[in-house]
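What follows is a set of notes on a single structure, which appears directly below.
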């Protein structure tokens, strides 16, 4: 009986956690060699016309407070270690979004000697938002899609817990 | 059985969950108002709750070289302090859970615990931004604390009591907003200083020192500090409404009065550029403290003459 | 003052060090000087309050040595014995602008051990330009206040200079 | 113990820092809250574009150089196109030149409004940030309607432009400008009369005219210290001879002056944009360009939103350039931060930094 209750409790807890995670994604922005184009569009998403706070997204200053790392630009020689460090400073669970052609593939800067590659050669990326630069609407759409996939993943975990409790019951 | 009742009182009502929920609701109203003033839509109603739950479920990173007992303990002490303070104020317009003569002093002391704890928390981490943030937090504490205390002293003197419920009852018949306007304004601004709201957010000025004393906090500790701030917001508004806006005796009046105050606070937040820490200190000591002191003297003299 | 007159003033000011001059475009004047005379030339322009330092850069003539065969400055460099027979020259360019007029001080430098004196004593604002010049082209700027890399990482291999023609990305 | 107290306490700003939307690295040594020294470390955005430009052909370079900077992309493309056209002995048709100037001025409007918001944010004045960025969307709409893009407009081609303006488009631009002019009046009022804001700007980061010249400042930062230098006036390019602008100067040299100069430049831009729309020359949009550019060297200078942008282009007669040197305005202006930091409050540093409108991606290339 106690284990069943425990399972139910775990399941509920998991659902609450997922709900909170999906509804309160705080982001930090790191430019690892971008031309600014993506950066100003990201900044534009928090301003009145787009207002990302509607979805609970807040731009944070400290990596410790952030859930989502928004990366722009190709990765330059000097930015590589900084990018890794910012990623490591973030507490789990954390997600990475690569914004713009350069972040996805190096874009127009492929082959430049100062560029070591694109974001997913340095840290794992969860979502890609293409464009040079992507419009603010596209960035918001990308983030919302990421949240949607979190929701689905969270439900899957909760489902597993439910399945486990069912087997325990029988 | 009495102990159980006390525990229930602390946990459920009037302090505890209800206060925290109230604090979150007020944070939402504040954020929503500021967003509206900035021509944005603003967060959804459950946003602050989602933020807190998410932070609670997040990994808490212990930075290198910090005293782990202090690091984990300070947020708990801070939240416990403000929650205890909630016992003595007429929250939601209901009579305070505990009341004794001199509880005003205890409440003020407990409210300062939060600031003190966050300052210590910043000083405890080795991060440079935290250290500067901690220095600024404590500097700001010492600059607004005296004027803020004086503003609560004014109503206490005219009411002739140090007990919050008695002052509240006295204020029910006297709108001190009109007899002590300076005190009211300084108290409201003092509350903003206490909560480090713009334009007094130099201790956590994002563009200078990232998140100030809180830079290294993640997960649970950061959640508790945030929660503490929310509770402090609602207690502060309650105190000012009780003392200056004709007392609090019913939930409807509480809502109307505190929300009116919150509207003023949000407006002030949206209206000004951040003050530098030296400007903040100057403002409090040169303008705030002196004006309140002058008014206090006038109050005492008037009271002496009428008595 | 017309652009022509401004350019003539500069030409007169720089005359003591001029090894050759040409006007590649109507509002420009290229003054060829020896690297040793750079500070004196810049000091003269500065004292006369002629324009401002607009940019410093360099050119690499790898594989184009033949075009310098007739250049007296190149012959002098070769004669000094500091240049290996196959070492193509570098050329440092200092741009000064005054309104429409642009004067370029051009100095030939040997490929190996290229060095040039700092002008930061006269124009402090040249510091960034000099740092960039030395890391990108391998031209040592003597007595520059800050010889550190400006753009390249600290761990960039010594002796590799990206804007030289023999540097190819991916083959560092 | 004494050594310990004398040890410098250093506050880093960057490379990842909320005050910087781009990575640069400043180190301020502080004594309490007072800054005692400042150094800058650059190169986090150094991609090696000058070298890459030598390996791509003339047309590819246009797109590469446009991406040196997302804020002043048109300035780079324009300086490059004008330079290459000069080398090739081709002149773009008058209508193309007028449209180039039009886009350049619209870009200046977008850049200055963006800067106004960012520096308000540095000052902790988020409401002004939100409002100026809201209004900036108007100019973004105008630019998008005109060129098809919000950021990298890609309006230049070698020999001309690829975007044309009809009457409906011109009216849309006029409406946008009318709205912004009214808003800009409001911003000028805030920058010159808002008490808390003035406390953060008046007398902060002061440079005298001599100092500004000594430090080699350019653009609005220099003009705020009464250094009369503006490429649009000194060396008119594109259509600036037909549609001249007035130089905006201020004598005070502090942060407030930098705000005032930039905001007043907006009015000048609005005026010129209207003038161009009213008297847009008719004719072709492009002139024929050869694929190979004649051997030669040229200097191409234009006034980017942040100051003088200097291109030195050398062609060796092939389809690729021999050398392209880009000297951006930001590299000249960093001296205003390192040179005036000492003695200021730490809280002033983000403001002084924003006051020069730094652009690291331009600067590092």
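A, B, C and D are the chain letters, set down in written order, and residue numbers restart from 1 in every chain.
Rule of thumb we're sticking to: a contact is a pair of C-beta atoms (placed from the backbone, for glycine too) under 8 Å apart; a residue touches a chain by one contact, two chains touch by 3 or more.
Everything numeric here is computed off the predicted structure, so don't read it as measured data.
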Contact distance in steps, from chain B to chain C: 2
Most contacted chain pair (by C-beta pair count): A-D
Separation of chain B from chain D, taking each centre as the mean of its C-alpha atoms, in whole Å: 43
Euclidean distance of C-alpha centroids - chain A vs chain D, Å: 32
Centre-of-Cα separation between chain C and chain A, whole angstrom: 48
Shared interface positions of chain A, touching two or more other chains: 47-48, 61, 77-78, 111-114
Junction residues of chain C - those touching two or more other chains: 151-153, 162, 167, 169
Touching two or more other chains - residues of chain B: 38-40, 129, 206, 210
Chain pairs that touch, as defined at the top of this document: A-B, A-C, A-D, B-D, C-D
In the complex, chain C residues that touch chain D: 24-25, 27-28, 52-55, 57, 59-60, 93, 95, 97, 99-100, 102, 123-126, 128-129, 136, 149-153, 162-163, 167, 169
Residues of chain B that touch chain D when the two form their complex: 37-40, 128-129, 132, 135, 198-199, 201-202, 205-210, 270-279
Touching residues (chain side chain A, partner chain C) in the complex: 77-78, 111-114
Chain A-touching residues of chain C, taken from the complex the two chains share: 151-153, 156, 162, 167, 169-170, 172
Interfacial residue positions of chain D with respect to chain B in the complex: 9-13, 17-19, 30, 32-33, 120-128, 130-131, 134, 194, 196-197, 199-200, 345-350
